[in-house]
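Should a chain be cited, it is by its letter among A, B, C and D, assigned in written order, with residues numbered from 1 in that chain.
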Amino acid sequence: MTGVNDDVPAGGRELLRVEGVTKSFPGVRALDGVDLSLRAGEVHVLLGENGAGKSTLIKMLSGAHRPDEGRILVDGREAVIRSAQDAERLGIATIHQEFNLVPGLTVAENIFLGRQPRTALGLVDRREMRARAAELLRRVRLDVSPATPVAELGIARLQMVEIAKALSLDARVLIMDEPTAVLTSEEVATLFGIVRELREAGVGVIFITHHLDEIAALGDRVTVLRDGRSVTEVPASTDEDELIRLMVGRDIAEQYPRRRPEGPGAPLLRVRGLTRAGAFADIGFEVRAGEVVGLAGLVGAGRTEVARALFGVDRYDAGTVEVDGRAPARGDVRAAMRAGLGLVPEDRKGQGLLLDASLRDNLTLARLDRDTRGGFVDRRAQRREAAAVAERLKVRMSGLEQSARTLSGGNQQKIVIGKWLLAGARLLILDEPTRGIDVGAKVEIYQLVNELTAAGCAVLMISSDLPEVLGMSDRVLVMAQGRIVGELAGEEATQDAVMELAVRSPGGVGNRNESAMEGSDVG
Amino acid sequence: MSAEVLAAPGSTPGQWFTRAVLRNGPLGGLIALTVVMAVLSRDFLNGQNLLNVGVQASVTAILAFGVTFVIVSAGIDLSVGSVAALSATVVGWAATSQGLPVVVAVPLGLAVGAVAGLVSGALVAYGRLPAFIATLAMLSVGRGLALVISGGSPIAFPASLGRLGDTLGGWLPVPVLVMVAMGAVAALVLARTYTGRAMFAIGGNEEAARLSGIDVRRRKLVIYALSGLFAAVAGIVLASRLTSAQPQAAVGYELDAIAAVVIGGASLSGGSGKASGTLIGALILAVLRNGLNLLSVSAFWQQVATGLVIALAVLLDTLRRRSAR
Amino acid sequence: DRGGHTDLGLALSTMNNPFFVGIKEGAQAEAKARGLKINITDAQNDPTQQINQMETFTSQNVKAAVINPVDSDAAVPAVGVANRADVPVISIDRGVNGGKVGSTIASDNVAGGRLAAKALAEAVGGKGKVAFLEGLPGTSAARERGKGFEEGIRAWPGIEVVARQPADFDRTKGMDVMANMLQAHGDIAGVFAANDEMALGASKALGSASGKVKVVAFDGTPDGIAAVRDGALTATVAQQPRLLGKQAVDWAVRAAEGKPLPREVKVPVVLVTRENATAFTG
Amino acid sequence: MSAEVLAAPGSTPGQWFTRAVLRNGPLGGLIALTVVMAVLSRDFLNGQNLLNVGVQASVTAILAFGVTFVIVSAGIDLSVGSVAALSATVVGWAATSQGLPVVVAVPLGLAVGAVAGLVSGALVAYGRLPAFIATLAMLSVGRGLALVISGGSPIAFPASLGRLGDTLGGWLPVPVLVMVAMGAVAALVLARTYTGRAMFAIGGNEEAARLSGIDVRRRKLVIYALSGLFAAVAGIVLASRLTSAQPQAAVGYELDAIAAVVIGGASLSGGSGKASGTLIGALILAVLRNGLNLLSVSAFWQQVATGLVIALAVLLDTLRRRSAR
């Protein structure tokens, strides 16, 4: 797909202007004199590594944070944005990087949270609210009832609800912080369609993404942030290598630097007939020492469920799991760990980290037993081990006592992986390992995968990022509707081949519409 | 979900019973307990006794409705027993000691309750105190003030207010009516008002609520003030029943109220809760106490039994939810 | 004046009952009359707090201390605190089972219980079913009054105690427990409640039946006396809390002066009925 | 952070004071309160009175150390007061009523405390009850059992155990020694044992702890059992001070214990807490009560003051953390 914008000098009058904005958190200067401008009818992409300050910048515009210095101008007039209500009044709508949905409430109520339509008596008008929500859901092509509690939705659908919520504001400025990180190509295509319509209607859009390919497809201008400073502003048609260089300050030779060790080793993991009613059925595959096996599929295909069952988090109804010829007990995480498995979960913050604990405690958590002698923990050994692994992974931190919450996404992910290195895992299951992680940090994680396989370990990599699966896997398994529908070895694994399998129902009949295929072109 | 229909054709009574309990959660628990009591004591299932149970549940239930707001918004209110006593004491003091008319004294008492709640709310919202601590402090302060105002002795309640504790037409107890009315108000607030929906939003995900433009701090003020207001109503009903305001009334009622809310199916981590559930929770506690008295269970064993039933009731509800998955 | 100096300490078991508030007021009035500074503390029925408060008194170098024990056994260490500091101790309302106590000033709970039994039995005409509302389980007042009542009622073979339930000295509980008892025993002729508060609750629960069912109570609080006057209660075994408080200060002063003390001072309990209610002043 | 050095050269005493309080959190609060009391009452700052404060803090502090474990793991324990009374009653019953030797009676009492905790823990870990409800049930059951065993009357404690409530060398109170020893054990458990580190992990993120191979449910059993065990020790110390086991002892102490833990800087949402902070929290409460008694503040106003100081202490700590950011 070609950018429609390459030659059109996009945009009209200036809607928004940020001048010399500075913001510090304890120990970090997150923003340092940042400038940005947004015109009506343009898509302005913010680009930068993890921790560059993108989210902090947009939080100034949405009223979540106040700048320490600098000014924000809306329609040329200085604006003080103290709260979400102020932002709303100024016509600014924001989709934050973290979901801001209330699990117990319905889709309709989440969309109109804090702005529910009222009846004459001042009570919430549910009928009106549902009708208006249904309209918005149609617009984002989300096929759920407005009365569904959002707790029942998967992560991609949550993101679409967030988008519907932002659209409901009819804002003049729409800010989207990594909206595509959790979407599949199909939904990305829908989203792009909506953004283009808005651009036509004169809305100014600020768009943050780590997927470089989306920039040319959608953007008009790009502002690159590095270490809290705005480095430069370039047209969106700038080529990817140049963007990477601007963003990370150096060249990255290869985005997917997979180095496969000589010859496949002995089978490490063997799964046969694994089934759990309602989640997945008859899953069988093998992973050999030194291999990276990719597990591709559309969101909701059941990949996460399989990973959790393998690792003993959830039970399964039938089937066998063997690690190194031995079968760890079902539904027992500790048995799976003893057998040599490790799981890097898709929800890094919710399931991977003790956000407020130190990096030392996080890194050594999975080997707490081993560091314990006679009930007492060898804290000195823990410190030594944590220091060694943090150094090996090149974690950017102020020290081992820093809390995990204050690290950037990529460094947080390194901590989770480091935890399993210290625990001695030989087969690592990575579930969406680079979701929301910048190009530079991604490459570091891929290099780590290489190191692991070179040392005789193996990796099962679940990812919705097709180029990543293709670029890093030695073999690709494709799941659809809870079953493995195909296996593609190295050279046969192309985007088209994977997508064709992924959208096919296990019965063999394709049931997805064309937009899925169209969306896959984006990558 | 707790209102699902009891439909189970073609099963034995035992199966039916188990299923009824499991399907209907707190209501099932209440029914089960009622059946057990009716079987054990022939005095239990008669109209007068059931009205007694209603009266005995009323104060706890009214307190618990207010606490429901707080718990739905992921807070907790330990001060309701003290605030109830303080409000009633203020009414008694104003009406009896100061000779103010009842139409002034009662609104004054209600205002005191709301202000006590407001103060707790301000400590939580603006002082960022954990709700447990802010309301624990208010528990102590409220009780102290009630004692100071009354000098430690009960204050007679004006006769006109005593009627609040009486019966209508010789049989329908007014406290039960007040309980039902306050329950209806609580249900309406929770389901249909802006503040009610904000309670669910704040309890479910406070950050999301804030970023969606809900003024979380101001809402918290309203939530705790409502809890204080309900406590004041409960205190006035209690004092009317006794025809005197007791500064030491309602000691420890906060734990009963919280237990009623949780037995009624609300989660202490916020985001869920229903007025109907809370009513059922309060009724379960009242049926239990009434039944144990009817059965002449020894005082000591009554405490043991109460603990067991509280644990059992919530356990059943947890089981039900898990099996519903 | 940085707290100034304190002459006397009075460690009350609780103030959550008008009876103890009466003691407090009696003591305060007497101390004021004598120009003495008295520190009155409330242990909230917790014997440990009482020890702490006796320690406070010794820190304040009081000349004598009065203790109103939460529990007769558990007050021994509290008295020990004063003994070690050579502060003379008077106990009030309840005895102390150990330590060195100058005088014990008390109305006799066991005797009072017997008196109540007699009054109730006579009121119901020597026969019939009666109910008993007990005090807070585990407290000495509940035990002793219960003991006296059980002993006393045994002398009346025509009377059967058909129900016995605690209502924790609390008016609300008194009302609710009475209502529940009435369900199982609609035909009772009388009730003994171990304090006025429970009795007042019970009489509310009896409602229209309150004329027929005789209620005998214990304590003689202002509310209780008023209820006897109105006929809501048949009788109450009145202690005289203000008198107790006054005497405690009297004897404490004498103890501080090193004068000899009697081991026991019994402040009489008085059966207050409709006839003498108007005249009675606690 | 709370142990930072008090270094503030070149500032007025007022500034120094504010800064000392703000920098040192709970310790600062304790120091401030002590200074205030010393200024207001000349009886406060003498050796004997300070030892008294130590003794008066001991039972709350020992209970609070146990509760710290539970709060660090994001739970709560409302049953500790009841469990303390139950354990002491069992010791008294075994030693006095059954004539068992003290070396049997005491371990029996400790075991009862641990088992009571274990049961709460099982309800939380396997029954998935909210900790608030499970331990509220245990509060009721424990108290009931203590009353049943004792028949409602105090049981004399054997003389040999009475020494636990005495002084060593005529001045050093044994309860203070026990408090310090249990505090050291608690600090060691929290900082250096497997279970202690697991507490922080579970409290920090239970799901992450489980996915990192910590057997969360079994650890919860241990955590609540420890809390019960500490409660048993506190109960025995309390009974030794009273030289008798009182079935109605320690009513409401759970709220004091929780307040001590939170005043000491722990978060009720789990993942943080220190034994030293808890000790300071318990001392703040004891200094406050002792000081108010010394100042002859009326009993009614004492309750008001206690509430205010609890709120203030936690407010100060919250302020400090915000300014430290």
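The definition used in the following text is that a residue touches a chain if its C-beta (ideal position, glycine included) is under 8 Å from a C-beta of that chain, and two chains touch if they have at least 3 such contacts.
Molecules present, by chain and UniProt name: A = Sugar ABC transporter ATP-binding protein; B, D = Sugar ABC transporter permease.
This structure is a prediction, so every number in the text was calculated from the model and none was measured.
Here A-D and C-D were compared by C-beta pairs in contact; the pair with more is C-D. In terms of the distance between Cα centroids, chain D is separated most widely from A. Per-chain CA centroids place chain A at a distance of 44 Å from chain D.
Rounded to whole angstrom, the centroid-to-centroid distance between chain B and chain C, based on C-alpha atoms, equals 33 Å. Rounded to whole angstrom, the centroid-to-centroid distance between chain B and chain D, based on C-alpha atoms, equals 29 Å. The set of chain D residues touching two or more other chains comprises 147, 152, 298-300, 302.
Shown for chain C are the residues that touch two or more other chains, namely 15, 137.
With touch defined as above, chain A holds no residue shared between interfaces to two or more other chains. Checking each pair of chains for touch leaves A-B, A-D, B-C, B-D, C-D.
Contacts from chain C toward chain D in the complex involve residues 2-3, 6, 12, 15, 37, 39-42, 45-49, 51-53, 55-56, 58-61, 71, 73-74, 76-77, 98, 136-139, 142-143.
Residues 41, 43-44, 46, 48-49, 52, 55-56, 59, 147, 151-154, 156, 165, 238, 241-244, 246-251, 289-290, 293-294, 296, 299-300 of chain B are the ones that touch chain C when the two sit in their complex.
Every residue of chain C that touches chain B in the complex is listed here, in rising order: 15-18, 21, 24, 134, 137, 163-166, 171-172, 175-177, 179-181, 183-184, 200-201, 204, 221-223.
Those residues of chain B lying in contact with chain A across their complex are 188, 191-194, 197-198, 200-201, 203-205, 207-215, 271-272.
Listed in rising order, the residues of chain A touching chain B in the complex are 62, 64, 83-85, 88, 94, 96, 98-105, 109, 113-116, 118, 122-124, 165.
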